[in-house]
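Provided herewith is a single structure, encoded as structure tokens, for subsequent inquiry.
A, B, C, D, E and F are the chain letters, set down in written order, and residue numbers restart from 1 in every chain.
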Amino acid sequence: MSLTSVIASLLIAIGTGFYLAGTVGLLRFPDIHSRLHALTKADNTGLGFLAIGVALLSGSLRLAVLIALVWLLALVAASVACHVIARYALDKRNTDPGPPA
Amino acid sequence: MTLLDGLLALLLLLLAGRCVTAASLLQAIVAFIVLGLLLALSWVRLEAPDLALAEAAIGAGLLGVLLLGTWRRLPAGSGEQETPWPWQGSAQAIAALGCVALAVVLALALHETTLGPAAAGTAALAQLEAAGVDQPVTAVLLNFRAYDTLLEMGVLLMTLIGTLMLRRPLQDGALAAPATPLPQSLARLFLPPILLSGLYLVWAGAYSPGGAFQGGAVLAGAGVMLALTGLLRGSTRDDLPLRCLLVLGAALFTLSGVLLIPLTGHFMAYPDDLVTPLMVLIEFSLAISIALSLMMLFTGTPGLCRTRP
Amino acid sequence: MTEALPVLLVFVPFLAGLGQFVLGRAAPWCQQFVSGLNLILVLLLSSAVVHGDPVIADLGGWGEPLAIHLQADGLAALMLLLTAVLAVAVSLYAIPAFRDEPRPAWRFWTLWPLLLASLNALFLSRDLFNLYVTLELVTLGAIPLVLLAGPNKTVDAALRYLLFALLGSLVYLAGVALIYAQAGTLDLALLPAALPEGTLSGPLAAALIITGVLIKGAILPFHIWLPAAHGNAPAAVSAILSALVVKAAIYLLLRLWTGPLEPLVSNDAGQLLGALGATAILFGSWQAFRQSRLKLVVAYSTVAQLGYMLLFFPMAVTAAWQGAVYHGLAHGIAKAALFLAAGNILYYLGQDRLEALRGIDRPLAVSLLAFGLAGVSIMGLPPSGGFTAKWLLLSASLQTGQWWWTTVLIAGGLLAAGYIFRVLRLAFLQADDATAPHHGPVPGPLMAWTATALALLALALGLISAPLLDLLGEMPGGTS
Amino acid sequence: MIVLVLDVACLVLILLLGLGLIRVIAGPAAADRILAIQLSGTTTVGLLLLLAIRLEQPALIHAALVFVLFAALLALGFVYGTEHER
Amino acid sequence: MSTAYQAMPLWVLLSSLLAAAIIFALGEGHPRLRIGINLAAALLKLVLVGVMLLGVRAGHEFIVRLPLVPGIELILHADALSMLFISLSAILWLATTIYAIAYLEDSPNRARFFGFFSLCVAATMGIATAGNLFTFFVFYEMLTLATWPLVVHRGTSKAMQAGRSYLCYTLGGSAVLLLGIVLLHSLAGPQEFVAGGTLADYAGSNPQALAVIFALLITGMGVKAALAPVHGWLPTAMVAPAPVSALLHAVAVVKAGAFGIVRVVYDVFGIELTQSLGFAEMLAVVASITIIYGSLRAIWQTDLKRRLAYSTVSQVSYIVLGVALANPLASIGGLVHLVHQGLMKITLFFCAGCYAETHGIHAIDELDGIGRRMPWTTAMFTLGALGMIGLPPLAGFVSKWYLGLGAVAGGQLWVVGVLLLSTLLNAIYFLPILHRAWFKPPPEADDGLAEAPMGLLGPTLFAGLAALAVGLFAGFDWSPLAWVELLVEREYSP
Amino acid sequence: MTGFDPFALAAAGLIAFGLYGFCVCGHPLRRLLAINLVGNGVFLALILIARRLPDGPDPVPHAMVLTGIVIAVSATAFGLALIRRQARPEDGGND
């Protein structure tokens, strides 16, 4: 087993761990804002590690660039989504069920 | 990997059950959207990356947004606690029993039929050489069974006309621009990669997973994003160029099918030396029509225009 | 040369619809041209079919089992003929009916040729999946047409229609999937030979396909979407929906039952379908009798009349085959006439509540005549196409010794007389001057006479059945 | 070996996705459910990347890219509605 | 030429069908043109019928075939029996048309009325010339439909009530009839009307089926023929205008039913088969019951037209009785009554219409002294009434005489009793009217002589005198009696 | 192929759940979701069927599913527009 594989495996394992943290956070944190916090940060870090690991394994620069792009865009998207949801939650403080009247 | 498949299937079933039994409508919608994500993974597992792409663009892009947006438009509390009607309990029980029985029979049938010849499929793979494209699915869609695809464009056009008929009067305004500038920045940042990947998918359809529909759906997603963030707005004025583009795919498809009859002797057949360029041309025109149709199905307006600050 | 006819039948109206859409405003003359051309093409096609084998077009030239074929046999030719005749009449009727509303008019003149193309495509299709696409095309063309009467009034009906139509076609598609899994082809001509025997999926697929088509065809208990949709649409559209769109589903059932599904279905299934049809006849007629709005009476009448076509399945002899198909033709023409006549009444009165009908026989004599004449065919009284069909079905029921269908047929005719005469009776009543309702303009001659012409045609069908039944031919695969 | 790692990672991720569904069910607020969608989205992207390597299907990276490009769209759609009628 | 001549029944049919179509197309305008078309069509038909009558007498058979459904033809066929009915209808149509033109002067919806009127006659022609049960049914239903608008013509709620009852009875009846026809068809294939019947072969193998079919056919036709207990529609239909009542009772509807029964017994089952299976006896009993029951009910009616209506119930059954007795003499009596009753009853209804139109008289007790004010009308009424009672040598006597002879010849003496009782009852309900009309003093507001207008009186006189003539000149060569004798001779001598 | 394919179960389950949902749900949006469940189940079944070709997945069912998805999406979008319109009928007429 090559060094690349080992490093990649390690990275993937770490990434998966972050995912685990994110999910647990989503489930265990008490309110919406802290859940947001857990989710976006942990998950995107996890995705980052995963992406690097996968990029190492992909063995082609083109794909590696593509994977990097995936991660970068995911970061941007997640931050905007998180921001928008946070604002929404702050504005409405509405509770489920029921759409706003 | 079998374990993965099993888990996927299990989650699919859980979500489907949630979707129909959830007390809150939003819960049902969210369950459905997540089910779409899992379905995309299932397509991957089932060697259907084309469909994974389609599901990604449709489920996450168009359909999810429409579902959530519709939920927001409903009056408060609608679809939540439905007033029970007489015999509801027993009727539900009967329906449930019937559906369980159906599921068992269906599963057995599907299990039983996973072996056997596929004359049409074998023929399609055998004649791939002559089809002008390397990707079997694209070959079936645009050449072997192009007629279905053409009629499908008719479906798209007719639902679009129907949706436009539901538009309310005097609403030429854009979506109120979001309160923060962030979404607009996001849209501006994402627009080029979305457009690029959409066009790439159309192009790639000839030899790898992708195609007119996947590409068109991604392009439509770009439009949805622009409209959501207020960069693009619906307009009540419909204009000729837009209408031309909406029917471009179907018209080009039909006309090439009809006009080439003297050369080929069959409707919707293509001469050997022209087949590849024609396929690409038709694929792009279809993608444009699909993208615009889906986008306007979203906005529900006959026209679109840019919002100038 | 004749191979081009099926292709043209689909693409002439299809391109006309696209052109109309691009044009952006109503151009009724274009549709008159298209419907006329369509009729000529169908006549040419029928003459080709009656003189020999079916006309087949291989799309793309890829051959069996891969390519989609268009095929016109006697059954398809008859349905195309019905469509073409109604297309001419409805297109003429719609000129004055939509004259004053430019935007709905544009949509109508766009959607209607597309729907015509879809119907033609459905009747010509020889491919199980292509039939799914055309079924969807037909319903998704029909629903926006329903909305033409004004979204506020019709949105509930359209939504219900859409939901049922979608469910129906997906259930159908599930059956198609199972069929493909076993046979590896979708070509109707190859399927009977390609389907293996003794599998679980075979009957299941047949059941799914039939159920899906029944939902689309608004057969009891799946009829609940129909009355609202047909009763609220503009008259020209109701005529198309009742005469053609639901008929298309039943057509499909006849075609599949005698074709690819033939080895998969049993006599018990036929009896079950017959029972559904009988229930539809009795229940639909009874409901029609109870309605207080004219167009709902006519719409429930459609629920009932569709049931007659289902009586073919338990009997499955040539007389029943001819009777069911001929009933489809006669009902199509007569029901279109009824809806157009009802549309004229609505146009004049501004409403169609039955109490408002008192004494309208003077201003609307021609429309009322059309209603009455078409009613004769609906009731199955001679001399009319409806009677010929009923006669054939009655003979079939006695021929097969299934006398219980005889009772249903007779009772259905009497119930139909009940609701038709209930309407005519009101029209003959002297108007109560004190409650004279507000009246709109009297419908013009084009509106009045297209309805009457169709009604007369429905009667004439009773006299010219021989060549038409000749065109239809024997029941496919039938022994008697 | 590497295959095993990928498989295990996939399994873990799909399990996490399943766990995240609890938020879909439990809520309580609408925003929580949207969060659950976000979580599933990111997890799916991760899974797609892993599967792209595991199944040697580079096209899946494109699928992942499409998912990412539309990742924020659902949240935007939820918050800002659909039609031009506000 | 020869085909055109061969197709005479078709032209007879079309003469009134086309008239109907033109009248509908003309609409409410052009009253003069409409009258012209009406009269011209009626005269044309008379001429055509005359030509055909000569042909049939010379032994020619007119037949037109039109394939309708595979295996089934629409057959128009003129034989001697048809001619009996056709001639009656053609003559009375002319009279009724003139009468109706005068009667409905200035009333609304005349185009509709005359359109359906012509349609009604066309249907009657079709029934008369039908060459098989299928064709018979086609026109039988057409008659039902064409008569309904006439019954409800006045548009009052009472008229609507009558229309509904008419439809319920007749459509129910025709459903039963259709069932019978289809059953017969499935048993024996397409059957044409042939003297002596065509079903003898099935008597041995399937008598139960034949019994069911016979019952269905007779019940279906019995509704129109107003056999008890399915006669209920007839008295209520009296709300229709007088020409319609005349048409319903004398020419078209009830006669169509009776004629149908004659056809079924003679030309489908054949007399021998009918008798051997025991159907004839039952039919005779039903007819007798109807005769007595109708007369009894007539006695208690105070409305003139209702009394006449119950009289019709009773009198039409003479035809059925004649056929059911199944011997030549009784058959002559029954068949000739088809014509005789038609002429007498139309006279009576024309008179009733004259009374109503001229003086607004509907009830019998308003008729006091009417003979002085309307002597001509009342004279005709008297002729008709006495004929109905059966006073020699009037038309009714001829019929009853032959029926009685037939009963005696057939050994069914109880029928003679029925006839006598019926005559007595006829006298009981007609003579008081005559007494009132001639011998009671008129009410104080007597405005002297006030005869009905010529348009009404003319047809009345014509019909009354015709009724008189067929009785007086029954022995002559061209009388209905002679024709019927010829007919029966053909029927009973295979 | 000895074991039971979990996706076959999932496909059957999706169809059954969808039908059940259509039967018992009153709200049109829920019914629309249920219909889409049926659709997804059918598509899943078709893809399963496509897999049994020895030399690579059968492209015909794939094409069928793609066509089906387009139809389902456009019809669903139309249905959603109808539902939105139904939810606020008071907003005036056509145009």
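Note that in this section a residue touches a chain if its C-beta (ideal position, glycine included) is under 8 Å from a C-beta of that chain, and two chains touch if they have at least 3 such contacts.
Bear in mind the structure is a predicted one, so any value in this text is a computation, not a measurement.
S.K.: Name the most central chain, where centre means the mean of Cα atoms.
M.R.: Centre-most chain by C-alpha means: C.
S.K.: Just grab the chain with the largest centre-to-centre distance to chain B, centres being mean Cα coordinates.
M.R.: Following the centroid criterion, the farthest chain would be E.
S.K.: Counting C-beta pairs in contact, pick out the pair of chains that comes out on top.
M.R.: B-F
S.K.: If I average the CA coordinates per chain, which chain comes out farthest from chain C?
M.R.: So the farthest one, by centre of C-alpha atoms, is A.
S.K.: Round to the nearest whole Å and give the separation of the Cα centres of chain B and chain D.
M.R.: 19
S.K.: Quick one: report the Å distance separating chain A from chain E, using the average Cα coordinate of each chain.
M.R.: Between these chains, centre-to-centre, one finds 95 Å.
S.K.: Return the distance between the CA-based centres of chain A and chain C, expressed in whole Å.
M.R.: 55
S.K.: From the mean C-alpha coordinate of chain A to that of chain F, what's the distance rounded to whole Å?
M.R.: The answer is 29 Å.
S.K.: Can you list every residue of chain D that touches 2 or more other chains, as numbers and ranges?
M.R.: As it turns out, chain D has residues touching two or more other chains at 27, 30, 33-34, 36, 62, 65, 69, 71-72, 74, 76, 78-79, 82-83.
S.K.: Could you list the positions in chain F whose residues touch two or more of the other chains?
M.R.: Answer for chain F, listing residues that touch two or more other chains: 15, 19, 41, 45, 49, 52, 60-61, 64, 67, 71, 74-76, 78, 82-85, 93-95.
S.K.: Residues touching two or more other chains, restricted to chain A: which are they?
M.R.: 69, 73, 76-77, 80, 84, 87, 96, 99
S.K.: So in the complex, the part of chain A that touches chain D is made up of which residues?
M.R.: That would be residues 1, 5, 8-9, 12-13, 15-16, 19-20, 22-23, 26-27, 32, 35-36, 39-40, 43-44, 46-47, 50-51, 54, 57-58, 60, 63, 66-67, 69-70, 73-74, 76-78, 80-82, 84-85, 87-89, 94-96, 99 of chain A.
S.K.: What part of chain D is in contact with chain B in the complex they form?
M.R.: Residues 7, 10-11, 14-15, 17-18, 21, 24-25, 27, 30, 33-34, 36-37, 40-41, 44, 47-48, 51, 54-55, 57, 59-60, 62-63, 65-67, 69-74, 76-86 of chain D touch chain B in their complex.
S.K.: Any idea which chain A residues touch chain B in the complex?
M.R.: Against chain B, the touching part of chain A is residues 69, 73, 76-77, 80, 83-84, 87, 96-101.
S.K.: Which residues of chain B touch chain C in their complex?
M.R.: Chain B reaches chain C through residues 105-106, 108-110, 112-114, 116-124, 127, 143-148, 151-152, 154-155, 157-159, 161-162, 165-166, 238, 240, 243-244, 246-247, 250-251, 254, 257-258, 261, 264-269.
S.K.: Looking at the complex, which residues from chain C come into contact with chain B?
M.R.: Counting only chain C, the residues touching chain B are 4, 7, 11, 14-15, 17-18, 21-22, 24, 57-62, 65-68, 107, 110-111, 114, 117-118, 121, 129-130, 133-134, 136-137, 140-141, 143-144, 147-148, 151, 155, 158, 174, 178, 180-187, 190, 194, 196, 199-201, 204-205.
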